[in-house]
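Which chain is which? They are A, B, C, D and E, in the order written, and residues in each are numbered from 1.
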Amino acid sequence: MMETIRRISGVNPRKCMKCGKCTASCPAYDEMEFHPHQFVDMVETGRIEELMQSKGIYTCLSCFACVERCPRSVEPAKLIEAVRLAVLRQQNENHLTANDIAEKLDPELPQQAITSAFRKYRK
Amino acid sequence: MQRIGVFVCWCGSNIAATVDVEKVSQVLAQEPGVVFSTNYQYMCSQAGQEMIQESIHKYQLTGVVICSCSPRMHEATFRKTCEKAGLNAHMVEIANIREQCSWIHKDMATGTEKAVILGRAAIAKVHLNAPLTAGQSPVKKRALVIGGGIAGIQTALDIADAGFDVDIVEKQPTIGGKMTQIDKTFPTLDCAACILTPKMVDAAQHEKIHIYSYAEVEKVKGFVGNFQVTIKKKARYVDETKCTGCGLCTEKCPQKKVPNAFNLGLDNRRAIYIPFAQAVPKIATIDADYCTMLKSGKCGVCSKVCTAGAIDYKQTDTYIEEEYGAIVVATGFNPIKLDKYDEFAYSQSPDVVTSLEFERLMNAAGPTGGTLLRPSDGAHPHTIVFVQCVGSRCDDEKGKPYCSKICCMYTAKHAMLCREKYPDTDVYVFYIDVRTPGKNFDEFYRRAVEEYGVHYIKGMVGKVVPQDGKLKVQASDLLGGSQLHIEADMVVLAAAIEPDETARPLATMLTASMDTNDFFTEAHPKLRPVESPTAGIFLSGACQGPKDIPETVAQASAAAAKVIGLLCKDSLTCNPCTAQPDELMCNGCSSCEKVCPYGAITYADKEFRGPNRTTLLRRVAQVNPAVCQGCGACTVACPSGAMDLKGFSNQQIMAEVDAICR
Amino acid sequence: MSVTENFKPTIVAFCCNWCSYAGADLSGTNRLQYPANVKIIRIPCSCRLNPMFVLRAFQKGADGVILCGCHPGDCHYTTGNYYARRRMTLLFSLLDFMGIERGRTRVEWVSAAEGAKFAATMNEFTETIMKLGPNRRLEDLRCRKD
Amino acid sequence: MQKRLKEKALELLSNCTVTRVLGWKTGEFFYDLTPAVFETAEEVEKEFVYSGFSGANLSKYLIQESRKQGKVAVFLKPCDSYSFQQLLKEHRILRENVYVVGISCNGLLDMEKIRAQGCEGVTAVTEDGDTLTVDTLYGTTKLSRNDCLLERCAVCKSKKIVAFDELIGEQGEELESNRFDRVAELEAMTPEERFAFWREELSRCIRCNACRNVCPACSCEKCVFDNEKSGVRNKAIADSFEENLFHIIRAFHVAGRCTDCGECSRVCPQNIPLHLLNRKFIKDINEFYGVYQAGADMDTKSPLTDFTLDDCEPSIVHERGGVQG
Amino acid sequence: MKRIAVENLQSLFAAVSAKKQLYIPADDSAGQAKFTLWSEGTVLTEKLNTVRSAKDLFFPQVENLVNFKVSSKKIEILENRDSSEPFVVFGVRACDCRSFDILDTVFLSDPVDTYYQSRRENGLVITLACNRPAETCFCGVFGIDASDPAGDVTCWMDKAYLYWRANTERGQELTKSLSVLEDCDESSVDAIREASKQILQKLPLNDLDLTDFRENKLLDVFNDSAWGELSESCLGCGTCTFVCPTCQCYDVQDFDNGREVRRFRCWDSCMYSDFTMMAHGTNRPTQKERFRQRFMHKLVYYPNNNNGVFGCVGCGRCLQKCPIHMNIVKVTKKLKEGMV
C-alpha cells in the first residue's frame, strides 16, 4: 500500500527532514486530526489504513501551501491526494453530495475548488 | 626489449580473496619481456618494497609492473621504491587490480581473468615507457592572499611572520570582512571588534604585508611557484598617500542619501565615506555611483575641505602586475538573498531582518547605537521570533542543500543577548534541529534555554503576515502538536550563507575547481583540506565551506603553514609528463597553442635540414615544460601527431588498448 | 543466435585521472559491482582521448567504448573536457552517419565522488552493448576471436 | 577570361611584381591541364591556359612556393581563396611572398561527368552559354553545361573571393547553397542503409592517397598514415576497417579546417563521394556550434579549438531524430 | 573460330562460370567498370576498360604471405596463403594482356614468386578486341594491336555476335567444353578488325615516339633538367601506380592482432615518400627523385634490362586518373625536347 501511495503521488516521504514547515503553513490545520507532517510520517511508517480512515484527508484544501513551502520538495499535499485517490479506488464511497455543497460555500474559497472537489468525491 | 618484473600484491585478502594472485603472476610471467614475476602479501610493506628492490638488481629489470591497489594510492610509493633501487620512477606502471577488479567482482575466475588483462595492459605500456626526468622551476617567494577578512588576515600574518612577503587584495575599502559587522562572538560573547581590530592593525603595520584595498584580481597566469597576477586597484578618487583619514570630508559631503552598505542599508552615509571608525586602511573613498561631482561635475565640497589635498576626481583604475609563488583564496561568504522566501515577508516589512542585520541593530557602532529598535518605527520590540534554516538544508530548487553551520550558534547568541539586555522581551526560536558540535557550544545553547528562558520550539514558521504594525507569525510546534499564531514585533531570519559572488570567476582564473555550490574544492576532503587540487592555490576560511570564526582562523593558519612550506623551497619539481612536439613533423599550424589552457606552447622559426643539402626555415611548436601540466589537449588538436605526451604517449595508450582487446 | 548468447563484450573505458578514474576507484572502495567486461584505461584528461584510440579499440575487438571525464566546469585542467565534448560529439555523429550503432560509443561525466554513478553507468552501458551484440560494423576481421 | 589572365601574368612578370606565376598549363588534350609555375613570358604565351577544366586548386602549392626565393603570383578562384586563407590562418603560407589574383568563376567542368554521359574518345569541348558541344572520335554531341559541372560547382557555396591583392572579374557573394542536401538525405536513412551505403562506397577505395595529397587541409609535414610511430600507418587497405579508419581520421583531422573545396572527390579515381564526410562535419558544426566557414576570415576560432560552456553533450547524437542504430 | 549471339552472352558466362570462377568487367555502383566475379545478373560493361587493371587478379593489392603465432616465448610459423582456385577472366583488353608479359618477366624469373605463379597458372585469360578506343589510348606505340589481342582466347564483338578464337591449349580445352558456342568462319571478324584499325590509326597519341629511349641514354635521361619542372606539380599520390597494369612494386608489412601476426604484402608506390625507406632514410628525398624513378623505370631501366621492351602498355589509365594530369605521355614528350 505504501508503495502504491508513493507511486500515485510520485513523492518520496524519506526526503522529509521533519521541520514542520508544512504544518506551519497549513490553513486547514484546525480542521484536521492529522497534519501535513504527520501525513508524511504516516506514509513513511506505513500507517496508511489509519490515514485512509481519517476524515482529515478531505478537509485538506489542496491549496498546495505545504508543497510550495517545503524546503525539501517533499510535497505533502500530493501524498494526501494520493491517499484520497486510493480511498476512491478502493471503496467508491460517496464523500461529497450535491447537498453538502451549500454549507461548504465560502466567499474566500475559489469556486473552482468546490467544483473540482465535487467532481472528485461524488459518486 | 625491456626486462620487466611483475609484482602481484595480495593486499592481504583484499585482492587475494577474489583474484588468484598465484595464477596472475604465473600467466603474466609468460608475457614477452617479462623476466620475473611474483606475488606477495603486501607489496607496499617494507618487506614487499625490499623484494622489489632486490629483484631490480637481481634480474636487471628495466621496467616494473605492480598489480595492486589504485595508482592513486601507491603509485608514488612504488616509484620511490624503484628509484631507490636505481630505476627511473617512470619505468613503473600500476595495474589497478583492487579498486577496479577484486573489489567489484565476486567471482574468483572473473577477477583473475580481468587481473591478468589489466596486468597485460600495464606490461604493454611499460614496454614503451621511457625514463622521464622532472624539470625544476623556481619559486617566487611572495604570496598573494585574495580576501582580507579574518581568514585572509590570519593567513597573511602567519606567512609574513615566517619571513615571506604577502600581499592582501581586498575588494572593499577596508580589510576586516564580515567579522567587522558582528557584535559579539559565541560562545564566549567577547566583542568581535575588540579581537579583530588589533589583528587588522597588525596586518597593516607588518613590514612584510602589503594591503591592496579596494582592489580586485583581474588576471592570473602561470603556475605554482610562478604566478603572474594582475591586480586592479579601483579608483577611489582619493590619493591614498595623502589621505590622513581625518574624516572631515565624510561629514561635509552634501550627498547624504547613500544607503550604508556597512550597516546593510539600515541607515545612510555620505557619498565620500570611511566604512567604520577602525577601518584599515583608514582612507576615505568616493562612491562614484552617488558623488554629484563625478556624475555631473558640480560640487567639489570634499576637495575644498580636504586639507591634505587628497581628493582626486580624475583618478582611474590602475593595474599592478606582481609575481607570486602561492595564492591563497579567502573570499569568504555572504548571506543569501531572500527574494525566494517571501512567506517570511522579508520584502514586505522592515521589521523582518536577517541575522546579520540584527547584528548591526545590536551593535554599539550600528545604526541604532546598540539599542535594539524596530527599523520600522524605532520602538522596542517585545516579541521576537527567530527562524532557523532559512534557505539552508533545502532541496536544490528551493535553496542551499547544505547546513550553513553557524546559524544555530549565532541565533542562540542573539536570543541570549536579547533576553539579557531586555528581559521583558519574549524570544522564540523555531528550529528543525539545534546543531551545537563545538567546544562549549552545547553548554552555550543550554544556557540560552535554561538561564535566559528563550523559547526553543521544534517546528517551523509557515508564514509571516505584517498586519497593523505587528507581524503575525504562523508556525508549527511539532512536539506540542499544535499550530502557533504569534504576534511578533520582529522576525529574525537565519539566512543561509553562500560563497561570495566573486568566487566563481576567480576560480576560473585560478583554474581551481569548485563544487556545485561554488565552494572551492579541497585537494582531499580529509587529508588535504586547505589546498585546492590546483597546485599552488590554497584555501582559507568560508570560501571552502561554511565555518565559524575559530574554524576559519584554524584553517587560515593551516593554509599559511602550507604556503610557508611551499615558499621555503627554492625550486619545485615539475610534472615530467609533459607534451613534447616532434619538430620534424610539426606543421606550425597553432592548433595546439589554441587549446593549451596554460599558454605553455609558443612557436619558433627554426632551420631544418631539407633534402639535398638544403635548409628549410619552419615554424615549429615549443612546449615550456615548467608550464605544461600534461593534460594532452594539444596532442589531439595536432593533426600530424607531432605533439605527444610523455608518460601517456599515443603508442602507450594504443598498446594498452591492444592488450585489453586482444 | 548462439553468438549473442555466449557474447562476452569487450568494453574499453577511458577515464580521466582526476575525476572519473577516482570515481571508478570509489565504486571499488564502496564494493559496487559492474561487469568485468569493462576495462579502464587511465588518461590524464578526457581531452587526451584521440579519436584514433576509439577506432583502435573497435579495430582490436572492443564492442563498446566509453569516455569518462570530469563534469564540464570541473576539469582539473580547466577546459580539457570542453574540447573532449566537442571532439566526441562530432566523432560520434560521424560514426552514426556511417551507420555505426549509436549505442557503441558514449561519454559520461563522472566526478571523483560519483562511485555509484560510475558503476551504474558501466552496468547500463554493458547492457546496451549486450543488446547491440558484437561489433560487426567497425571491426577488423583479422582481429575477430573465433 | 584566359586572355585577361595571361595579360595579367605577363604584366606581373614584366613589371617584376613577381618572379613566378602559378597557373595551369596546357596538356595533350584540351582538358588535361596541369598546375604549373611559369617563369618567363614565353612560357606564359605558349602554355598558360585557363578554361572550364582549370579545376585544380592551386592554394596548396603555395606552402612550398611561398618559401622559395622571390614572390609568386597565383590565380585563385573563389573557393580556392578560402583554402588559401585557411592556410594563411594556419601559418602555412608566407603571405608576403604571394601576390593573389582573385578570379571570378562561373563553375568548372568535370570530364568524368562528360564521359559518364556517353561521350567516348572526346577530342574537344566548346562552351556556348549553357550548352557544351562535345566532339569525339565517334561524332559530336551537345550537353547541358549544368550537367557537366564539378559537384562542388553544382552546389557552389560562395562566389566571394576572400583573400586577394587584385581581382579579375566581379567580386561575388556567398550563395544560398543546397550542398547539405545529400548529407541530409543520408541522415534520413536507417543506420543499416547508411552503413550499406558507406561500405559500398568505401570498399572501392584503393588507398592511392589522392584525396589526402590534393587536400589543402591535409598538408601535414608527415601524415599519421605515413608515420611508423603513429601506430596507424598503413599503405594499403588490408581490411574494410582500414578503409573506415583512414577516411574517418582524415575527415576528423580536417574538421573545422576543411573549406569544402571538393578536391578530394574531384580527384578520387574511384569516384567515392568523400566530400560527404567532410560536409557532414561542417553541417554538424553549423548545427551544434553555429555557422562556421573555414577560411572565411582570419580571426574566428576553429570550432574544434574552441568551446562554449553550454555546448551540447555527445549524447545529442543519440537523442536527436533519425532512426536509432 | 566460334561465335555466340550477343543476346546469349549471359548463357556463355553461365556456362564458363559453371566450370570455373569467372570475372568479367561490370559496372560498379559509381558507374565505373571493374572486374567482377560473375553471378547471375552480372552484366558486361559498355565502358572501354576497367579503372583498375586486370593485374589485380594475378597480383592483388593485398596478399597474405605467412602468419606467426607468438605463444609464451616461442614463435610458431603458420602457412597463410590465400587459396587460389582456377578462374577465367573475360574481357581483358590488349593492353592489359600485354602487361602480363611484363609482370611475368618480373615475378616468374628466378627467384619465382610462387604466389603470383599459382595465380597465373590458375588463371585463363579471355581478351576482347577494342572497337571504340579512347583518346587516351596509345597501346599502338608499344606494338600492341588492340584489334587482335593475345590471351588464351581472343574475342571480338559487334552488335550481333561475340566471336571467339582459342589461342592456346588451355583456351581450346575451355572452348571444347562450351556447347553454347557455334562454329563460324575465321573471316567473320575481318570487318570488325578493319573498322577498329581505322579508329586506332586516328588516335591523337599515335605520334608518340619512343625510339630514342631504346638507345642506352640512361644517364642523359636521368640527369635531364626537365625532371624538376615535370615533377613540380606531382602530388605524390599513388593513383597512377595503382591503376597501372605494369607497376609491380610491393611492400611487406606485419599486422599484429595481439594473438598472432599476419605478414602480408601490399602494393607500394615509388611516388610515396616512404617508398623503400631504409634505416638511414630514403634515397629519393624529394618528389623529383620519386617521380623520376617511376618514369625511368618504365622508359629506361626496364627496357635496358629486357631487350627494349617498355614497362608501359599504353592503356591510358594514368592519363585519365592523375589528379593533376601529369603522365607518361607528357613526360616522354618533354624529355624528347632535351634529346634533340
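Here is the rule we go by: a contact is a pair of C-beta atoms (placed from the backbone, for glycine too) under 8 Å apart; a residue touches a chain by one contact, two chains touch by 3 or more.
Predicted model, so just to flag it, every value in this text is computed and none were measured.
Asker: Which chains sit in contact with both members of the pair chain C and chain D?
Answerer: B, E
Asker: Give me the fewest steps it takes to get from chain A to chain B if each step has to go to a chain it touches.
Answerer: 1
Asker: Starting at chain A, how many touching-chain steps does it take at least to reach chain C?
Answerer: Shortest path length, in steps: 2.
Asker: Applying the document's contact definition, name the chain pair with more C-beta pairs in contact, C-E or B-D.
Answerer: B-D
Asker: Hey, which chain is the most central one here, using CA centres?
Answerer: Going by the distance between chain centres and the overall C-alpha centre, it is C.
Asker: If you average the CA coordinates per chain, which chain's centre is most distant from that of chain E?
Answerer: The chain lying farthest from chain E is A.
Asker: Mind checking the centre-to-centre distance between chain A and chain D? Centres are C-alpha means, answer in whole Å.
Answerer: For chain A versus chain D, the centre distance works out to 70 Å.
Asker: Compute the distance, rounded to whole Å, between the mean C-alpha positions of chain D and chain E.
Answerer: Spacing between the chain centres: roughly 30 Å.
Asker: Among the residues of chain C, pick out those that touch two or more other chains and give their numbers.
Answerer: 51-52, 56, 60, 73, 79, 83, 87, 140, 142-143, in rising order.
Asker: Touching two or more other chains, which residues of chain E qualify?
Answerer: 255, 257-259 - these are the residues of chain E that touch more than one other chain.
Asker: Two or more other chains touching the same residue: where does that happen in chain D?
Answerer: 222, 224, 230-231, 238, 304-306
Asker: Mind giving me all the chain pairs that touch?
Answerer: All touching pairs, sorted by chain label, are A-B, B-C, B-D, B-E, C-D, C-E, D-E.
Asker: Please name which positions on chain E make contact with chain D in the complex.
Answerer: 28-32, 34, 48, 51-52, 61-62, 132-136, 199, 202-205, 229, 232-233, 235-239, 241-243, 251, 253, 255, 264, 266-269, 272-274, 319, 321, 323-327, 329-330, 333
Asker: Flag every residue of chain C that touches chain B in the complex, lowest number first.
Answerer: Interface residues on the chain C side: 10, 12, 18, 21-22, 24-29, 31-34, 36, 39-45, 47-53, 56-57, 60-62, 70, 73-80, 83, 87, 119, 143.
Asker: Show which residues of chain B lie in contact with chain A when the two form their complex.
Answerer: 343, 389, 393-395, 397-399, 432, 458-463, 474-478, 483
Asker: Touching residues of chain C toward chain D in the complex: what are they?
Answerer: Per the touch definition, chain C meets chain D at residues 51-52, 55-56, 58-59, 72-73, 79, 82-83, 85-103, 105-107, 137-142.
Asker: Report the residues of chain B in contact with chain E in the complex, numbered from low to high.
Answerer: Result: residues 30, 32, 611-612, 658-659, 661-662 of chain B touch chain E.
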